[in-house]
């Protein structure tokens, strides 16, 4: 399991907005079946970095390679088309459609009609969304909508999953279930999770990448990072 | 499937009602009403086309009239040159769809925002309005068809396929038009329930999400836009056959606005609503024109203003909402109350139109 | 040489004319996101105010500069209170409402004054000569008034408390409300101001074009395209789009004739929107967004 | 394509369809049905409203005088709201629904061409009482307005003689303007003059600045205008504002018919010379009485009278003359009677149907505008529709129902 091949790689990836270098020459590698957390204070560039991976932003310089395919500058649907499941920061769901329809649309991208129906029911079961199956997603709570979106990611059975703040705005109980789900997903897929919540990261992570001012400050286990002075300065500095 | 997707049975039911109406028309309507219905059917097909691409595809095309008018003009010109209506209809639909495909390609692949797409399509329609009005000189001919500028050009009547001499009577043209409307209505109802249609609805709801699921949203939007243009072109064909003439007014700002208004009045997210709204507003306007007591514009203006204040969601969704509320109320009043304490339903999808 | 010079002046006038008929629409659309299909009728009402007032012996300048904006501005406030304010957040529905409003105004004016109204006014100020070519002095004055109007609106938006609050409210109504600003009042004033400027424009143009209840239809499409081509920034957008579209229209009209002039204007707008989908100012003046 | 009514009724299979149809066939002492379809709202209302008022006046007068053939006349007015689609709607309603005995309808040629085939198909007599470009050749359609050859032929030589031979032509960009401009060019040439430029304007143009500069550069002796509609009124104002009306005078066959002379001030309009088959200021007994009756009827709100309004009145009376002569309202009998050369002596003088074209032989007047009213300066009596006569002969072929748009020009020797 450990250290198979590299499934996602960035090569001196940079994203400039005017004079601001939101992401600055980042070299990053993700291995098969790895679960990597990206952390960093606000404005560290992790969300911009994430958007470069998903195709929502076109990097100024550098490249993103997913399984030997160059994807920098490609459309998000082309990235997703490689079998990558993506969840963005704000709950990005189809508010006017029901829970079931949301998940159905995700499955149907990959499977025929009959398989989709089965898989949709399965996913709803797995995420315990049965109660809201026929409710319009727009009428659900924030945490519930986050779950619907996670359901959409899972339902497509991706081999690589990119999550941006999956636990944001969730209740304690919901966060627990999310952590559990992420571990479950990680059994079949490599993952990148962008997160703020240190406690949450502690529960899921194996390896963490710390961003600061557009660059990777350090990589290591959560324990190692939380003991490091530089890392504490980064956070404390911003807290002050 | 239920919710947004689950309306196909209702579509078939409405189509059946329309079919019964068609068959019963001669015994319940006056003869002249039947023969003037053809042009109204043409307009209602235009309403249907916008109901499809705006109500379901989320594409606010302010210039749907561009395809409507292009269909009408192409039909008139082709029918004069070919000397028969059947081939001309296919040509008209192909011209409008091809034009929409090119325009849509530039718009969607150029990532033009929603509001500006609305304006660009309107501008295209207005350019056609200006250009076609430029053609009043005798030198503006396509084959045997004189374009006629401001005065427009005559639109030949329908004939039996393969026999250009066998021209249909106006009352028979009504049947053809009505059947076309019903078939197109069922087609649109079927389309929005296919995988393609559902993806289009999802793009309306959240384009980024659809893209992140791996759908090439540009291609889907282009697809439904082109289909909508083809439907609008069929509307244009029947409209000009009904009027017996096509004039530049088909491209005008007034006609473009009216098309949007049908969909607002009928309700976004339904197919039958805008179609009925087109019929209703037409006959309201036509009947106002038969009286001499008050100014027609004045009355029509007041009715529209009152409508927007009193029935903000459109007629059909308003009725549907009432009906659902009553049914749900009977089933489970307590649950309804709980839901109402949370967020108002559907608010978010409407908000999308305001940004941009 | 004389011809060139007088032609340049003429093109300035075409540009000023376009800016004048668009500005009221730009304010209402830019700040409130309301597409006002009754914009042409606001211009028409301004024109009628001037014609009716002068027919009853009121001084032409007073009617144009004071009465027209005040009357139409007041109508705008009433319309906002009775109709538009119920529709905030339903931008598309304002299309239907203002379409109805447009028909209503045409109907009521036709009912009161008939299909046409006799007038005695003509453009004041006589003739300006450049060599052998003559231009209307009043048209030259309109260029100046339009420029002045743009500057005045700019100053109001930029430097007065009202302008600042209005811009803030348009950006983020919730935030402004939290600051204790009555958004409802701001919308009312903005709509009234937009209507007043439209009325002002309509009044100024009355001596040049005459008035009819249905004359609004002539303006609305052109004003709409100018505003959209201009993009997000109300003033810079309206001004730059007027210069570009009016310039093209004026030059092509002179070179080939008025029909192609109109077509060139519309084609320029399409090309513009293709390459700058958010309008001129969206691309060139990002800050103004 | 024609529906033969008798055949229709005989066919048992269509009986169900035809039921509402024949139920409406009137009895002998039912009122005669007169339908008027004219725009009273929308951009064309400046033309349509006066026409409706004079039509109402004509029918009221006839009824007050005991009606026609001892029957009252029932006037039904439809307002198509400046929209072609409603013309088709109401024409069908009038023909197949109301079973009208005559339909007087249409302002633009577009509206006429939309309803002419419908009324021919449903065998309903049709009067078009508007000045237009000529060329209609339809046994069922009487066009009583003046056509370019009637007015332009008189106006151009008169004005060239008065002002000079260099003519600058401006015209509205639609059929009427295009064809009128061609006729103007022809008569300018025929009279030894030169048309220095011909320009066409879309109907919604309000800014004439660039054109006025071009006129200044071209230095013509006169401007010949065939501008039309509310927007084009701006031209006369802007022309005067640039001081041009003092140096280069204007002649027109379209100015005044939409009450343009009251929409601009006296100084702006003074000196414009126009040609029509009717002016409100015609000093004849018949006209002064007509104007007085009209003003008494409508009081202060009375719109100005022009060729369209007067001809709508005269058109109604001309039809009544036909009915009286035929002794019946039957369509073919009335058509035949009208084509025997009967006429009506109305406010504009004698109006008489020319049987080859179903157009009117009528007086043509030239008038000069002073202080918002026209002074008649020339009168030409009994002018034939010489343009349409070149292409149309309904005596030789009385089954025709066409609009010879191009042929009229070709026959006149005008290149297209």
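Labels A, B, C and D are assigned to the chains in the order they are written; within every chain, residues are numbered from 1.
Keep this in mind: contacts are C-beta pairs under 8 Å (C-beta built on N, C-alpha and C of every residue); 3 or more make two chains touch, one makes a residue touch a chain.
These numbers come from a predicted model, not from an experiment.
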{"item": "Chain at the geometric heart of the assembly (C-alpha centres)", "value": "B"}
{"item": "Of C-D and A-B, whichever chain pair has more C-beta contact pairs", "value": "C-D"}
{"item": "Between subunit D and subunit C, distance of the C-alpha-averaged centres to the nearest whole Å", "value": "37"}
{"item": "Centre distance in Å when subunit A and subunit C are each reduced to the mean of their C-alpha atoms", "value": "49"}
{"item": "Between subunit A and subunit B, centroid-to-centroid distance (C-alpha), Å", "value": "41"}
{"item": "Centroid distance [mean C-alpha coordinates] between subunit C and subunit B, Å", "value": "31"}
{"item": "Numbers and ranges of subunit B residues touching at least 2 other chains", "value": "130, 133-134, 295-297"}
{"item": "Numbers and ranges of subunit D residues touching at least 2 other chains", "value": "40-42, 173, 200, 202"}
{"item": "Every chain pair meeting the contact rule", "value": "A-B, B-C, B-D, C-D"}
{"item": "Subunit B residues within the subunit A interface of the complex", "value": "1-5, 195, 198-199, 201-202, 204-206, 208-218, 339, 342-343, 345-349"}
{"item": "Touch list for subunit C against partner subunit D, complex", "value": "3, 6-7, 10-11, 13-14, 17, 106-107, 110, 114-123, 126-127, 129, 132-139, 207-215, 217-218, 250, 253-254, 257-259, 261-262"}
{"item": "Residues of subunit C that touch subunit B when the two form their complex", "value": "33, 37, 83, 86-87, 89-93, 95-97, 99-108, 110-111, 217, 220-221, 224-225, 228, 259-260, 262-263, 266-267, 269-270, 273-274, 277-279"}
{"item": "Subunit C-touching residues of subunit B, taken from the complex the two chains share", "value": "60, 106, 110-113, 116, 119-120, 122-124, 126-127, 130-131, 133-134, 253-254, 257, 260-261, 264-265, 294-305, 307-309, 312, 350-351, 353-354"}
{"item": "Interfacial residue positions of subunit D with respect to subunit B in the complex", "value": "1, 3, 16-18, 20-21, 40-42, 76-81, 83-86, 88-90, 92-93, 95-97, 108-110, 113-114, 117-118, 173-175, 177-178, 200, 202-203, 405-406, 409, 416"}
